[in-house]
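Sharing a structure below in structure tokens format, with a few things to ask.
Chain nomenclature is as follows: A, B, C, D, E and F, assigned in order of appearance, with residue numbering initiated at 1 for each chain independently.
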Amino acid sequence: MLLHLSTWPEVDRYLAHRQSIILPIGSTEQHGPTGLIGTDAITAEAIAKVVGEQTGTLVGPTIPVGMAHHHMGFPGSMTLRPSTLIQVIRDSVLSLAAHGFRSVLFINGHGGNINTVNAAFYEIYEEARATLGDAAPALRCALCSWFALPGVGALQAELFGDREGLHATPSEVSVTQAVHPDHIKTASLDPIAPTAGAFHDSRDFRARFPDGRMGADPSLATPEHGHRFIAAAAAEIAERYGEFLAGA
Amino acid sequence: MLLHLSTWPEVDRYLAHRQSIILPIGSTEQHGPTGLIGTDAITAEAIAKVVGEQTGTLVGPTIPVGMAHHHMGFPGSMTLRPSTLIQVIRDSVLSLAAHGFRSVLFINGHGGNINTVNAAFYEIYEEARATLGDAAPALRCALCSWFALPGVGALQAELFGDREGLHATPSEVSVTQAVHPDHIKTASLDPIAPTAGAFHDSRDFRARFPDGRMGADPSLATPEHGHRFIAAAAAEIAERYGEFLAGA
Amino acid sequence: MLLHLSTWPEVDRYLAHRQSIILPIGSTEQHGPTGLIGTDAITAEAIAKVVGEQTGTLVGPTIPVGMAHHHMGFPGSMTLRPSTLIQVIRDSVLSLAAHGFRSVLFINGHGGNINTVNAAFYEIYEEARATLGDAAPALRCALCSWFALPGVGALQAELFGDREGLHATPSEVSVTQAVHPDHIKTASLDPIAPTAGAFHDSRDFRARFPDGRMGADPSLATPEHGHRFIAAAAAEIAERYGEFLAGA
Amino acid sequence: MLLHLSTWPEVDRYLAHRQSIILPIGSTEQHGPTGLIGTDAITAEAIAKVVGEQTGTLVGPTIPVGMAHHHMGFPGSMTLRPSTLIQVIRDSVLSLAAHGFRSVLFINGHGGNINTVNAAFYEIYEEARATLGDAAPALRCALCSWFALPGVGALQAELFGDREGLHATPSEVSVTQAVHPDHIKTASLDPIAPTAGAFHDSRDFRARFPDGRMGADPSLATPEHGHRFIAAAAAEIAERYGEFLAGA
Amino acid sequence: MLLHLSTWPEVDRYLAHRQSIILPIGSTEQHGPTGLIGTDAITAEAIAKVVGEQTGTLVGPTIPVGMAHHHMGFPGSMTLRPSTLIQVIRDSVLSLAAHGFRSVLFINGHGGNINTVNAAFYEIYEEARATLGDAAPALRCALCSWFALPGVGALQAELFGDREGLHATPSEVSVTQAVHPDHIKTASLDPIAPTAGAFHDSRDFRARFPDGRMGADPSLATPEHGHRFIAAAAAEIAERYGEFLAGA
Amino acid sequence: MLLHLSTWPEVDRYLAHRQSIILPIGSTEQHGPTGLIGTDAITAEAIAKVVGEQTGTLVGPTIPVGMAHHHMGFPGSMTLRPSTLIQVIRDSVLSLAAHGFRSVLFINGHGGNINTVNAAFYEIYEEARATLGDAAPALRCALCSWFALPGVGALQAELFGDREGLHATPSEVSVTQAVHPDHIKTASLDPIAPTAGAFHDSRDFRARFPDGRMGADPSLATPEHGHRFIAAAAAEIAERYGEFLAGA
């Protein structure tokens, strides 16, 4: 059940027996010479839809732009400042809480969102505590990055070994190929550069990773692999769904 | 050309000859007993895509949640505070400006966004003036609400007369039916209530408009009408594209 | 009854039977070679006073500086960022709400304020909803721009025809001449330039409108015309006063 | 020379030889049973005008609402939060700085503004330093509270002795009587209560000072005294004008 | 009793009979050629500890960085913007209020903090009033700058006369020597320059006070003097403790 | 070399050859029945000092209060909202950058800070990019949580096995005992409860962990162990110092 394809009476009926919702969150950022700029939103949304179906959970709108400062050295990348993204998460969760939703699971396609979205949860909790005290609703927010799930990691290793890399990876590119088989891009890729070490700001990132990839070989991507990743990630999240939100 | 389905080298080539981009902006809010909660994002995105094709302009990600406080009395509605939406618009525009984009046309599906998005443009201009002075880029931001275009208004009048109304209208519902023909909802609708007057906060809105419609009869909607509205709106925007951004 | 010339016990007595207040809002910005920089505050305040007398409504302090980024290319113009003006409106309304005021009508002299002030109303409503829920007071905020009232428009057309223009207009200059007959300025004015199209930032504005006027011929202004505009605007607002706030 | 009664070409000529401006700042707050709610703005503006005349300095618009939380227990009082007032001061000063103004003297009528306005100056300086570095303009902001000037204090002591008090004082009420002789209020006043000690929030303030006065006997006020205070304060500020801004 | 050396059950027991807490606040900023950059935090903390012991009051963590923009011309100085410091004070006080603390005395070592911290108290009070209304806790916040206490002033005059000065003073340097006798610095100092007048931004400050001192001769400092200042300041604050918080 | 015990000329000389600085960051929060509320600041500061000595790096002031919302159910805990902590980190780093510092290593004692501090780094980078463009300094910020270092983990496992737990751990309590041997607390502790699962807000935390410990047995702590942890953590950070900041 997708929120944007539902009516308010349908949501009203849903809320009578269920107070959970899934929000996909992606990013709009470079993904190397062949990866789509919308990769992280596309993957998060595709997996969230399947999780929603398997668990009977409502899926809300995908947040398309995340925190991607480090990719700003490449044309087309967009970013929210962390302070802006925190407010977006806050307003989104509080909107849903107003209707009775009590658990919000963000299914995330972008590593750069993790710190900020988790920080946002505490912004929400602390504001509720300070202004509402004991009357604050018992909200349960959680973030699940599909690409970092153990089962997904096993599949990444099985299919791509050390060519998976960290950004513009064959696993995420595969998922976008599964979703958009008519938008498969090709380019001659430089050899994989070493990805040792961290990076700092966007200039530093581009200096270290000149074509935008981080140790990844996206030429290994196929739509078929993509379907496997969607299924694997969704199944893993669906299986652990209660755990994410109960904190069990 | 869609940003999320492009690669960064493709955007790089685009920027070599063109510095314009379109951003659709919608809302996630009730649209009466039969309208989809995602109506405003769906319509804005559908029309923006056609404008992009007709004018050869890049189309960026759709902002799915806008300023919809007044709909918060109905389950499933989401809203950003105006202060949050201003920052989202600011960060989005400044991200694009960093790559050389100089004109950003927001194609808008929701009346409630108009004030805030226009305010955001001045937040951007004034911040740039204050911090960058004469070095500020010459940005041109504009907002075009498709449902308020003269040609669209003529079609609304022709097809629906005074049953078009102001919210959950047959024109916008028709567009969603054209885009999602498999998600056409039906319900028995109360007679159209008078829409005289304005409204204030979300409780006031629900008291005035108990099922969420504002003087509209969405039962008149058809997918065919929707295709006509998409075509009409897109053609009108495409024709006046230079005007929107040149301010001519 | 003017708030700044009242005592708190007088306000206390007023609140026992009336919970409405008027706040004039203007701007501090260039108005062409002969228009006063304070024009928009002067006009809003003059009209608000008459409305207050005719309707027995308390009139609060005039907000003298508004959102006037686009005029910043001309010396003496001042602006608040939209984000600042939103907070000013918010704090003003919440201050008044604390004493029991429930309706606040802003009488506005400046087009550049419209988007931001309306956005501010939703900032207030949404914050109240999120923090107070059902305990939020039923506030009714409205903005009335005197220069855009239908009756005022008729008088503009009658007196000035197409020489009224859009900024530094003979109608607003007339009002300032009525209020400050000892501060009537003269200058030789260039022919009226075409005002086709919109503008973007303050540099763009000055490039389009080199002396600050937008298609207006303020040399047609007279104090007598000003008195007519004050009377006409005030009468129209007074007549529709209930409508503005009831949203009827 | 008053900014709101000037044209932009007049300001342009002023700036050619002078880069100073005065901004009056007041408050909208209770002033006891007989004091006007606009007292602090009225007094600051009246004195600023005379200083402007005597020193040939431009006087900008009066900020009518300041930081007056502690008076919120009395109907009609309005307040900006300190964080809002800081942004108002910031935007005002940066607007003026954009035109070449380099010194801004705030003439203040309200003790409650002092901390926040001074904090705002450092917000401005630090933001300029952090964003502009050595290119930051050499701004000089200063705040002068007329009621706390030594010469004014001598006159307060001479005319009212220990009946001057701290709020709703005969000196400030006298100034408002001089400016608005047709709005002199009378009421039977309770004996002056002791003002020992500080206060905390607005409830604490009202509990300590039930009618709003702080140890003051405003029944001693006369318009004649008011004219003396205006003259004395203005002369003292005019004499020390260079000192305020040079920091000499 | 120091908060950071206590356990939560110990604080729980403290709160059963006492709802007061002391928070030292300093600054991290240049203190001339021989003064420690941490001087203001060191002095505030040292005095606060003795006050805590003498009055049986809990002492919380020292805020080490304050508002010190004007010292930013000297290496090693750090500053929070006033807007940031206001939020730090707000969050700190509201955290403590959540546990039942009702009075918070800030013992302050830095003049530059005074305006901002006092402004923060009103930010707290006003936010509580606006969001909680009558349910807001009766908080009592106060700021005591040890170096400006009357008894401390008498000792400064007795020991150092007009060589005390205003910054990098022998009194504050003495206190740091008492606390850190192993970190006494020496340097040949220029003659004391006149300190007439105020200063504006950090460039102005450095131009007026080239080595960072403001009319002070810190070579007069000794650890013994420091112990006297700690004892004198602490005794004076302890004696007037109830007064600070009762506002008596 | 400690910043607070240095003079500005000493910092000036340091900067001539070194542009790195360490900032310890802790928290003020409950640490179970026997752990000190200041544990995380005490441990971070103690380890940072040793790292500073071993690497010849300047150590700045310890941030004593971090993001600890989840501990707010226990008396004495304090928290900054994530949005506040982001601004504190931003202002701190930008202050240091103004003097020429280019790398800032935060040595962290509290898991709850990790998301927010990392988000703050991107707030800094993105703001610098947006306002300064290519002129932005090449800042390198990094966060190192001592308790999560591999070598520290090995020692935790060796000394405490599965009784180390996640909060109020014997390793962190040992470090506080090493630093403050005169403040060792004892209490009879309940059996270790299972720590399965995550937690949400502060009420949820307290419900899951009634005495504040998360699966830890702090009765195993000794000062001797503490000295070993300080040495191990400091050596590991010192050895990898260049790596943290070079991102090597």
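The criterion applied here is as follows: a residue touches a chain if its C-beta (ideal position, glycine included) is under 8 Å from a C-beta of that chain, and two chains touch if they have at least 3 such contacts.
Note that this is a predicted model, so its numbers are computed, not measured.
Undergrad: Please identify each chain that touches chain D as well as chain F.
TA: Output, common partners of chain D and chain F: B, E.
Undergrad: Just how many steps, at minimum, does a route from chain B to chain C need if it may pass only between touching chains?
TA: Shortest path length, in steps: 1.
Undergrad: By mean C-alpha position, what chain is farthest away from chain A?
TA: Looking at centroid distances, D is the chain farthest away.
Undergrad: Are the interface residues of chain A and chain F largely the same numbers on each copy, more than half shared, or largely different?
TA: Both copies, chain A as well as chain F, present the same residues to each other, with over half of the numbers appearing on both sides.
Undergrad: Per the centroid of Cα atoms for each chain, what is the distance between chain E and chain F, given in Å?
TA: Chain centres of chain E and chain F, defined by C-alpha means, are spaced 25 Å apart.
Undergrad: Once you find the CA centre of chain C and the CA centre of chain E, what distance in Å lies between them?
TA: So the centre of chain C lies 46 Å away from the centre of chain E.
Undergrad: Between chain A and chain D, tell me the centre distance in angstrom, where each centre is the average of that chain's C-alpha atoms.
TA: 53
Undergrad: Specify, in ascending order, the residues of chain B that touch 2 or more different other chains.
TA: Within chain B, residues 72, 79, 81, 83, 98, 129, 131 contact more than one other chain.
Undergrad: By the document's touch rule, what are all the touching chain pairs in this structure?
TA: The set of touching chain pairs is A-B, A-C, A-E, A-F, B-C, B-D, B-F, C-D, C-E, D-E, D-F, E-F.
Undergrad: Looking at the complex, which residues from chain D come into contact with chain C?
TA: Of all residues in chain D, those touching chain C are 2-12, 15, 28, 30-38, 41-42, 60-65, 72, 74-81, 83-84, 87-88, 90-92, 95-96, 98-100, 180, 183, 185, 187, 212.
Undergrad: Chain B touches which residues of chain C in the complex?
TA: Residue list for chain C touching chain B: 67, 69-70, 72, 79, 81-83, 86, 112, 114-116, 118-123, 125-129, 136, 138-142, 196-204, 208, 243, 246-248.
Undergrad: Taking the complex as given, what residues does chain E use to touch chain C?
TA: 129-131, 133
Undergrad: Would you mind writing out the residues of chain E in touch with chain A in their complex?
TA: Interface residues on chain E, with respect to chain A: 94, 98, 131-132.
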